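I have placed the structure first, in the form of structure tokens, so that the comments after it can refer back to it.
Letters A, B, C, D and E mark the chains in the order given here, with residues in each chain numbered from 1 onward.
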Amino acid sequence: QKKYDTGASDTEIKVGNIVPYSGPASSYGAIGKAMTVYFEKINKEGGVNGRKIKFISLDDGYNPAKTVEQTRKLVEQEGVLLLLSPLGSAQNSAIQKYVQQKKIPHLFVASGAAKWSDPKNSPWSIGWNPSYPVEASIYAKHILETKPNAKIAVLYQNDDFGKDYLKGFRSGLGNKVKDMIVSEASYEVTDPTMDNQIVSLKASGADTLVYFTSPKFSAQAIKKTGDIGWKPTQYLANVSIQIDSVIKPAGTDYAKGIYSVAYLKDTSDPQWQKTKEYNDWATWMKEYNPSADMAENHNVYGYSQAQLLVHVLKKAGDNLTRENIMKQAANLDTTLPMLLPGIKLKTTPDDYALIKRLQLIQFNGTVWNLTDKTYGQ
Amino acid sequence: MSKLLEIRKLDAYYGSTQVLFGLDLELDQGKITAILGANGAGKTSTLRALCQVVRTRGEIRIDGKSIIGRSTEDVVRMGVAHVPDGRGTFTALSVEENLKIGAYSRNDKAEVARDIEKTYQRFPRLKERRAQQAGTLSGGEQQMLAISRALMLHPRLLLLDEPSFGVAPLMVAEIFGILRRINLEDRVSMLLVEQNATLALDFADHAYLLETGRVVASGESKIISGDEAVRRSYLGN
Amino acid sequence: METFLLQLFSGLATGGIYALVAMALVMINQATHHINFAQGEMATFSTFIAWALINSGMSYWSAFLLTVTISFAIGVVVQRVILRPFEKAPALTNVIVFIGLMVIFNALGGWLFEQSLKTFPTPFAKDAWYASAYFSAHNVGMLGVMLAVLGSVYAFFRFTSVGLAMRAAALNPESARLVGIRVSWMLALGWGMAAAIGAVAGMMVAPIVFLDTHMMSGILLYAFAGALLGGIDNPWGAAAGGLIIGVLENLLGAYVIGTDLKLTMALVLIVGILTVKPNGLFGKVVVTRV
Amino acid sequence: MNTSFTSVFPRNVGRLGLTLGIAAGVLVLPFMVQNYVVFQLTLVMIYAIAILGLNILTGYNGQISLGHGAFYACGAYCAAILMDRFGMPFWATLPVAGGICFIFGLLLGFPALRLGGIYLALATFALAAAMPQLLKFKGFESWTGGSQGIILNKPEAPFEFSVFGVPFSQDHWLYFLSLAVLLFMFWIAANLLRGRIGRALIAIRDHPVAAAAMGINLPVFKSLTFGISAGFTGIAGAMAGITIAYVSPDSFSAFLSITFLVGVVFGGLASIPGAIFGAIFIMFVPNIADHISKSAPSAIYGIFLIGFMYLMPAGVAGILGKLVARFRGRAAGSARH
Amino acid sequence: MRKCQVVTREILLSVRDITVRFGGITALNSVSFDVPRGGVCGLIGPNGAGKTTLFNCLSRLYRYESGDILFEGNSISNLPVHRIASYGIGRTFQNLAMFRTLSVRQNIMIGAHCRSRSGFLSSALRLRRVAQEEARLMARANELLALLGLGDVAERPVSDLPFGIQKRVEFARALAADPKLILLDEPAAGLNHEELADLTETIRLVQSKLGITILLVEHHMGLVMGISDHIVVLNFGAKIAEGTPAQIQSNPDVIAAYLGAPAAAGTPVQPAQPVQPFHAGAPA
């Protein structure tokens, strides 16, 4: 007994997506591109349960107002069955209410804000990124475990990405927060350099530095820290751990010893490059996305999200109602090839936090070492 | 005598409005020709057409070479200097810079410096103001500057659009004296638009009378000044 | 005290970046009387070219020279092909065209060279004798380059007749034609030179802020402010304005208001200064009379 | 701006017919298209109000603003805060937002008096660039919701009925509301600009010294114009906040201000109906560009921008004006024979 | 030549010891003179003598270093620029200062700005009195268009018009403000003989019928001498002579500095000659 909602049929499943192909965050366009070409591959191989995926990816220029318009276009005009991985916290907040009202599966939201793992208030939204507060609390925990008298300086991006981290971090430190954090500095994405902030943070006498920063600014900040001869214990947000586009520009010597957490494999890390999972990924990249940068981690991110959706659709079988899709997405227990070993994707109807375990990693001067610590359930 | 300038059947347009209609005019080497006409008759437009600042059709030859379709710059480089109506001052530049700019298409630096000195002798007022921003000069001072700037080009043909405009009586005499001397000594030909018809006809060898973009009379100045209609409208006696 | 010095010098270093871009803005303004909003993106695009050249194995200085030349050509071509039809169009139409150019260059850079962050080499050895903890070799080198560019721009406008002609052409194109100046080519030359200066700026900035498609978008605003603060008609002023803003912003951020409103405060201050001195600190007051 | 009193009978009939046709279209259209398109059309009207506001300042008065996104943001946040924190009904927020933006604009009009041309452009652009920061500022966070922004409830349609079998939806309700606001604002603008005030504004733009000599009080006129312009844009912002039902700093980046200016120039400087065309452009052209290329949609957008400017340097209004002039010229010409 | 009635007339404008300096240049050096109500007062002098500068002081565009200007007995030295028009001083500009994009009619209507009241709010709501006022301005503009023979070009944007016509538009614009005093800066420049006759007639008409006092700067001696009751001569920023046209014409200082020897050949100076009335249209 086949059951369909708008966007699904015997031959086709329509999936909507919104990423900034233009505007200040256009580098994330690579994620949309990766998903697009992954579905090309799936379609070429016969689709999902015999149905082709029609992936409609639209540009919102990172402007939440435009996200609303594009979402409505996808839902009302294109008639998509579900939304996959719209990008950005504010952008998704803008459509949060709409998707709940319209009961559209809003899957694997590309944002780490805590509100995407809140089935009570947003039963139709499931986030992808480990929530920023949770990730930040891991750093707090690690500091408390290893360096309980640390004097901490925090650099964060002045938006909800940075502030979510900061909030999680502060609560992770618990009642020691006042003693431990000696300075905080924020920056705007329009700031040309980080020099000012780093110099100020150093002046506070801190011995531990936490970067809740996006890639480009992470690179600048780590570099400046090294340049002025400051050698604190450093922690770096997961969104910025790419070796080729953050660590190498910053200087591998300056980055040595940095801690972070990971759940995806870094494709520029030699230790993975021999594995079958990497090879599958690389073959796909070469065939379907030849002009893209192999070191760009967005290509792993989009690849994995698309794979997870295929998994959900497969599980849903011929019952392609929005309700069933949501039911499947809320009852996941799986893993994906490009996830780090040991990382599981698990959801239940009362717990939408997809990636629960995170691996603490440390940069050893050439690659990220997996430490023996994982956090989470 | 060779024709320096020949204009045949010249039409000129601003956008789609035609302002000159089949104008014929010629000027001999070393001579002075005056153009008379009422407000809006097309005198300024004729001079502009010569410099290819407005859209034109027909024929204009300088030294036998057609200039229709050439750029203004090229025409100027053939030795045509223009004292435009409204003076065309480079208001934000200094007086001296304005003079230097006048000699832009020349390559003889030392000679240019000498010419600037000559200008200062002719118009001591400009010397006093040499470093002043040219836009702050009085109207008449700017007119002196415009004429001097045109002379800096060492032209063969000088187009004068109301050179006496806003100039005090004594200075008008002075300026026309200078122009006369340049005409005689350097054999510079001139096309003169001037509202002071008595003065113009006295100064020029030939004259053309324009009405709404057409030549209605032309001939030697003396003959034109005898014309009844001209006397009534332009000379007032 | 050490922190203060560090802040001061890092302000100077950042200010040097603004100053370089500001000079490109002065160049284009003197030549065309416009502010080119695409200046930053064109500079980034040039830097991408330099990056590609260096990556293909060319030595730094050859790549540098070649990039400056190519950028000059790009500037000329952009003026000749894209902007020429707009020479007589109203100023705001030109502004819109510049905005169009800005997004085009930005998108082209990302499309041809990928969006990912790139490192860009510096020609100044890290341990050169002039390097210190306060001021890295690159910072010193960059200021040197800035002074060299400044000197050339100043000399160009001050002493050459082409420089004068360029200003004249921008001020009053019609009169300029009437003295034989090829106005259209003056504009093209101005665009070429501005693009070349922009390229130098880009190549000096990239080692500090890294190269990506948005490298200049933040910088342009500050450079714009610097140029106006110092005086848009005056290369010295613009350079000084850029440096002042760099230092001001750093010191304000460090000691006065903290980092989250430093952009706002810096801009408020600049607008305040401009209200008192509407032509900038070192700008010439041009009187228009009736 | 043409206050010709020579009314020719056939032309009036033609104009009346055109007006009625447009009116009918505007009333019926929303029931012929999907709700999503109704939403887009609503946004077009909202942008048109904002662009009209900017045009009053930049097109008519010659003060270039690259910062009107800030007023739009201010209006949107006023509406959002008043609804969210003070439970004000949505319609009541419009005049308040307009008023607050008017005052805000008036205050900014004072430094603007001293700054001309690009200096003013910088000052206003700085405002636009600083706006997201201000909205995120810690001190205001309890009101603005910081970088999270504020999620609003969309106003429900107060009536239930259907037209051609299409039920009157929330989107229709907002559409007609915006239409009403649009008509009101355009009426006000036309009244202002067609008479003594409009002439004075243009006089200031064309020749400030002569304008002052004619007795026009430059400081008062310029700063009031700034205020009015900001007020228009603020009301548009409030409508946008209500319609989109979400405000956040990211929605009001500096590029938004530039977009408004694009709308003004595309529509035509100093043209009231031009604002509509400008709004259509900024609403739909990015979508077309996105449709053409995912790799570089902005390059396509840029090409469109330059291309349109090339074809219509004086904007849509300029082209229409030319066409009308030619048409009338022909009509007049044939009448004479 | 007209009889000079200076003595009996009330003083309308009084310039007292005005000094203006630009950097090192003294553009006006302690200049004083009076303009009686109702006549035409000529202001002449060589180029750069300071005539336009004086006008700019009278319309408060330039600040003067010292001295005072009294209009109807009141000092205008502290008035802002935009109050001058409503005080009753109108002007034209030597190099034109038109609102280029507007039509001739609208330019003239702007001239009446200071004689109209409707503000932002009443205009925005289109109150009845706004429409009434607009109609009044329109009627006034039509009168002036007729008076100055501009009817044909009323709807043309001024930027397309020849210089001479623009000058007339400027004159009409100044008249629209119902001034008591009009400052004319070289109104005859660029006019041919016939047009000059027109202008002369218009000035006379304005002065006699509308009772407007005129302060006239002009290098056209025929016009100045023919029409002025009283002439003030400036040179290098200082007043060098003052008197009736006849007195001025025979003043050796003025001849040396400005007029040149009347007999000298080739000079453009024309003897003052009565200009034939040409314009017949009466003002409404």
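Heads up, the rule we're going with is that contacts are C-beta pairs under 8 Å (C-beta built on N, C-alpha and C of every residue); 3 or more make two chains touch, one makes a residue touch a chain.
A quick map from chain label to UniProt name: B, E = ABC transporter ATP-binding protein; C, D = Branched-chain amino acid ABC transporter permease.
Since this is a predicted model, take the numbers as computed values, not measurements.
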Q: Could you name all chains that are in contact with chain B and with chain D at the same time?
A: C, E
Q) Using each chain's Cα centroid, which is most distant from the centroid of chain C? A) E
Q. Using the average of all C-alpha atoms in each chain as its centre, how far is it in Å between chain B and chain E?
A. 29
Q | chain A and chain E, separation of their C-alpha mean positions in angstrom | A | 75
Q: Mind checking the centre-to-centre distance between chain D and chain E? Centres are C-alpha means, answer in whole Å.
A: 43
Q.
Rounded to a whole Å, what is the gap between the Cα centroids of chain C and chain E?
A. 49
Q | Multi-chain contact residues (two or more partners), chain C | A | 103, 107, 110, 221, 260, 263, 288-290
Q. Which residues belonging to chain D are in contact with no fewer than two other chains?
A. 129, 133, 136, 209-210, 295, 297-298, 301
**Q.** Residues of chain B whose C-beta touches two or more other chains
**A.** 136
(Q) Show me, using the given definition of touch, all chain pairs that touch one another. (A) A-C, A-D, B-C, B-E, C-D, C-E, D-E
Q. Can you list the residues on chain C that touch chain A in the complex?
A. 3, 6-7, 10-11, 13-14, 17-18, 103, 107, 110, 114-119, 133, 136, 208-210, 212-214, 217-219, 221-222, 249-250, 253-254, 258-260, 262-263
Q. Touching chain C in the complex: which residues of chain D?
A. 58, 64, 111, 114-116, 118-119, 121-123, 125-127, 129-130, 133-134, 136-138, 209-210, 254, 258, 261-262, 264-266, 269, 295-299, 301-306, 309-310, 313-314
Q) Within the complex, which stretch of chain B touches chain C? A) 51, 53, 71-73, 76-77, 81-82, 84, 88-93, 97, 100-102, 104-105, 133, 135-136, 149, 153
**Q.** Of chain B, residues touching chain E in the complex
**A.** 14, 17, 36-40, 44, 85-86, 125, 129, 132, 136-141, 143-144, 162, 164-173, 176-177, 195-199, 202, 232-236
Q | Residue ranges of chain C in contact with chain B within the complex | A | 161, 164-165, 167-168, 171-172, 174-183, 284, 286-289
